[in-house]
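These notes open a run of structures that come right after.
Common to both upcoming complexes is subunit A, partnered first by subunit B, then by subunit C.
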Partner chain A sequence: MNFRGGLVLIKKSLFGFVASRAFFWTLSFGWMLAPLIYMFVWIEASGNGSISGYTKNDFITYYVFFIFVNQLTYPTSNWTVGDNIFNGTFSYWLLRPIQPIYEAIASDIATKVVCIPFVAVFILTVSIIVKVKITLIFTNVLIFILCLILAQILRFMFAYSNALLALMTNKIGALLSINETLVFLLAGQIIPTDLLPDTIRQIGNFLPYKYMLGFPIEVLLGKLSQSQLIMGIGIQVAWIAGVIVLHNFIWNKGIKHYTSVGG
Partner chain B sequence: MRYIKLIKRLIYVFFKTSLQQDISFRFDFIVRLINTAISLAAGIGAIAIIFSKTHSVNGWDFYSTMAVTGMFMFIQSLKNLFIGPSLDSIAGLGGELWTGGFDFTLLKPVPTQLYISIRNWAPLTLIDLVISLIVIIYSFVHVYSDFSINSLLIFIIAIFSSLIILYSILLILSSLAFWYLGTPVLWIFNSVMETGRYPVRVYPFVFRFILTWIIPVGLIVSIPAEALMAKADVHEVLFGLVFGIVSYIAAVLFFKLSIKKYSSASS
Partner chain C sequence: MDQEIIKVEELTKTYHVPIRGHGLVSSFKSLLKPVYSDVTAVDKVSFKVNYGDVIGFIGPNGAGKTTTLKMLSGLLYPTSGDINVCGFKPFERKAEYLRQISMIMGNKSQLNWNVTVLDSFYIISEIYGISNQHFKQRLDELIDLLNISELLTKLPRNLSLGERAKCEFVSSLLYNPRVLFLDEPTLGMDVSIQFKIRDFIKDYNKKYNTTIILTSHYMADISSLCSRVILINKGKLVYDGNLTDLSNKIAPFKLLKVTFSGNENINIDKEFIISKFNASVVDNNDQKLTLRVKKEDISSVTTLLINNVQLVDLTIEDPPIEAVIDQVYREGV
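Moving on, here comes the complex of A and B:
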């Protein structure tokens, strides 16, 4: 473990990324537009009434926070890691006296910092266009911050572990896409997770996807009872532990299997 | 005639090499098949979930929304089959304009625009194409409409202009990379294309305006879908055709102009 090296790496990535910020803004534009589409669909669908207890304003608030949380938790380095293993650049990372995961963490943090101004303007504009009205409770905000950090760790580690499978299979893009589709379906982008049809919702409660994205937002909006809240955080922590074990397993196996390509 | 023969042979060769590349990574190949199934489930599932909570969204019911999504999938898979990957190999990230490989492309004894439009294929997308056709037919059967020869004609015009518009926009955006290599503008377009998944009329006024006039996702996806259900306005369809022809001419001219701007790049 080499934290100082990690910090330097984060700084390096940040400077590099700031230089090409337009590129990252383009990327984040795509991530923010997708939930926005569903916001509009639900605004139109709910009209003046309500759908399973969600009024028009509930949907608006939900999706504004969704865009925000999605932006903060969205991992990007998993794609780079997958590509780098495929084209052989990963070998350089291995040669450094620092774990390759720092490289991934650094670029993820840097991406998020670089996008802040663009995201802020985007969310503000959307909020003004759809006339959002938000009321929050202080304790909920505190618990939300905790859940958000846990969600970030979970989503990052899950995607990163998936990408490491490329050490064995060379190419991994398709698996990463599946991961994204499942997040999109089960984590609350199409519809807030507690409005999902019953069977899917119950299965979703035990899969990791909801805890990467939808769960923190529900905490923030105060949609959960105390027992649901405690159980949710429990499952979140359990999945993080599970994913870390999985990561170590894949890493140990994969690194022995890895044969560098390219030159 | 010789030109068409040449195109046929080129397509055959490019398709074959792309397929060989694809199936050489077996694990990824299989996972991609699964991915296709899951994406389909997610696309249809999203509509099913929305309409399990409500009966109509701004006058669109389940099947007519599904027809729009089917049309979206059809056009998207046509784009991803060859136009997308081909143009991406030039203007995309790390494409030939970045590496300087475009030198060799210019030297090829084939019309450059033709070559860069068909040279990379994603053979697996053919599955998406078939699936999208099934979705379109399935929803078409369920939407009651009096479909006649007339509406068939309108539909053919609509889909023809939609494809021309799409190609022209992609060509213009790729040509932009000759002038300003930095932002992947194609990505912005792809993100905006996603809005075509649902009828453009669902969106609020500002966005509907943008999606009709500035980035014509409405012309590309919604109007062919409406034409299929015999709901389209004939004037809109004809306008689309004119728009398509004009944008095609503009795109070709702009591409020719942009090529002159190319100043190579190398390590």
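Moving on, here comes the complex of A and C:
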């Protein structure tokens, strides 16, 4: 463990990202736009009634929290890692006495810190415009925080492990895009996961995507029974363990394949 | 000190690369059934390097120099063979090993382009766990040696190639590595910067006794810095020794350049010199003559010329090292 090195990498990313804040704010605006549009679609679709138990206000609350959770868990460094492996600049990460994952974690943390002011203003503005009414239970908030941290770890490690496949295949952009599409479809962005068609929902319950986004929001909104909650956290933890094993496997195998192109 | 710091035995690296024929049909065939070929970039190379040595690693493009350097630094896994650097197996990439080596790749920058040069150095010091006092002391020394104090507050993206190269050296040497791998460190630089970088490397090696392995296509880098060269071609080690010995072995002749007074040139019997001493004319005009003469005959030819014609100037030179190396690349040792 090189905490001193990790900390300075966060600082380094912050130094650079703060100077390019307009770029990062535009980027996060793009990430927030899609769920915002889906929110308006579902507000319109639900009218004054409800869809499978979701009222207009449920959709508003769901998507406001979705934007927040999506911003906190969105992994950004996986694209950079894939590019760095492809063009050979990953070599400089390998030459330092600190694991390359520190660089990715630092970059992700710095991106979130830089985006916080913009995201906070955006969510506040949207909440006022759509007149969100939120009632939260304290216990749910505590469990939500736990599930949010687990979701963050799962989403980051999954994306980072995918990116490391570039050590063997060089180009990884297509796989990262598939991963983003599956998150988009199965994590609760176009529709809350419990409103998905039955078969897809059943399959989705055992895939990692729901636990990266939709699950923590369902916990916060009190949509889950106690058994669903325990099972959900269990699946989240199991997927994290699985992804860490997968990461170690890809790393050990991939680093032997790395060709360090250029030069 | 003759202590071994690098030991390489039977080192081999084979790349598994996709190949395909020309045209659309081959392209589609490779889509369904990709064909691969094994390319041996480094083939059973063995050598040893002593502590504090400056070694020139030379060879034509694609010879396997950079691949060897990357295996030594731990970036690449060897296919077979043994490597030991500073008592470590580089491919294990242990943090203790990485703290003892540094690598500069002339075609890549390790500076972060979005933070100032000083911040870049600070980041390095934190990653390598250097104490603040040691960092300041070391930075002052290197700033002084490379004269870069006015660059510290600038962003690397705004520096010239030469300025950036100096900063690359500082960031690579801040933690005082025992072994420095330099992969074409003067690539693309003007002559003046090349001189400065060479002087710096020479002084640094003298002062800190850092072991340096250098690859470069600029023979001036090699001849001015390296006590020993390792020549590699098509992945195989073809020569390991002194550069002068290589030159003597490959080109056992000298260039004799004479400038005549008036029309003396036409008075000398060139055919006689050529046939008697097995020399050859490299260049010939009214006033000047350049002859390629065997080293053992140089004094006889010189005496003959001095005694028989009026000379304005006479110089004896070694053949350009580039010509020697070119001959080695083409014909072997």
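We take it that the second predicted complex is superposed on the first by the 262 of 263 C-alpha atoms of A that agree within 3 Å, B and C clash if a C-alpha of one lies under 4 Å from a C-alpha of the other, contacts with A are read in each partner's own complex, and residues count from 1 in each chain.
Here is the rule we go by: a contact is a pair of C-beta atoms (placed from the backbone, for glycine too) under 8 Å apart; a residue touches a chain by one contact, two chains touch by 3 or more.
Owing to the predicted nature of the structure, the values given are computational and were not obtained by experimental measurement.
Asks: First (subunit B), second (subunit C), both or neither: which does A:His247 touch?
Replies: Neither partner.
Asks: Going by the contact rule set out at the top, does A:Ser20 touch subunit B (first), subunit C (second), both, or neither?
Replies: both
Asks: Quick one: name whichever of subunit B and subunit C touches more residues of subunit A.
Replies: Counting contacted residues of subunit A, the larger count belongs to B.
Asks: Of the two partner chains, subunit B (first) and subunit C (second), which one does A:Ile178 touch, if any: first, second, both, or neither?
Replies: In the superposition, A:Ile178 contacts subunit B only.
Asks: Determine, under the contact definition given at the top, whether A:Arg201 touches first (subunit B), second (subunit C), both, or neither.
Replies: In the superposed model, A:Arg201 contacts neither subunit B nor subunit C.
Asks: Under the stated touch criterion, which partner chain does A:Ile191 make contact with: subunit B (first), subunit C (second), both, or neither?
Replies: first
Asks: Common interface residues of subunit A with subunit B and subunit C?
Replies: Touching subunit B and subunit C on subunit A: residues 20.
Asks: Over in the complex, which subunit A residues touch subunit B? Could you list them?
Replies: Against subunit B, the touching part of subunit A is residues 20, 22-23, 26-27, 29-30, 33-34, 37, 40-46, 51-52, 129-130, 169-175, 177-178, 181-182, 184-185, 190-191, 195-197.
Asks: In the complex, go through subunit B and note every residue touching subunit A.
Replies: 25, 27-29, 31-32, 34-35, 38-39, 41-42, 45-46, 49-50, 52-54, 57-58, 182-185, 187-188, 190-192, 194-195, 197-198, 202-204, 206-207
Asks: For subunit A, which residues are in contact with subunit C within the complex?
Replies: 2, 4-5, 7-9, 11-12, 15-17, 19-20, 88-89, 91-92, 94-98, 255-256, 258-260, 262-263
Asks: Spell out the part of subunit C that touches subunit A in their complex, as residue ranges.
Replies: 15, 66, 70, 73-77, 93, 95-96, 98-99, 101-103, 105-108, 110, 112, 114-115, 119, 122-123, 126-129, 183-184
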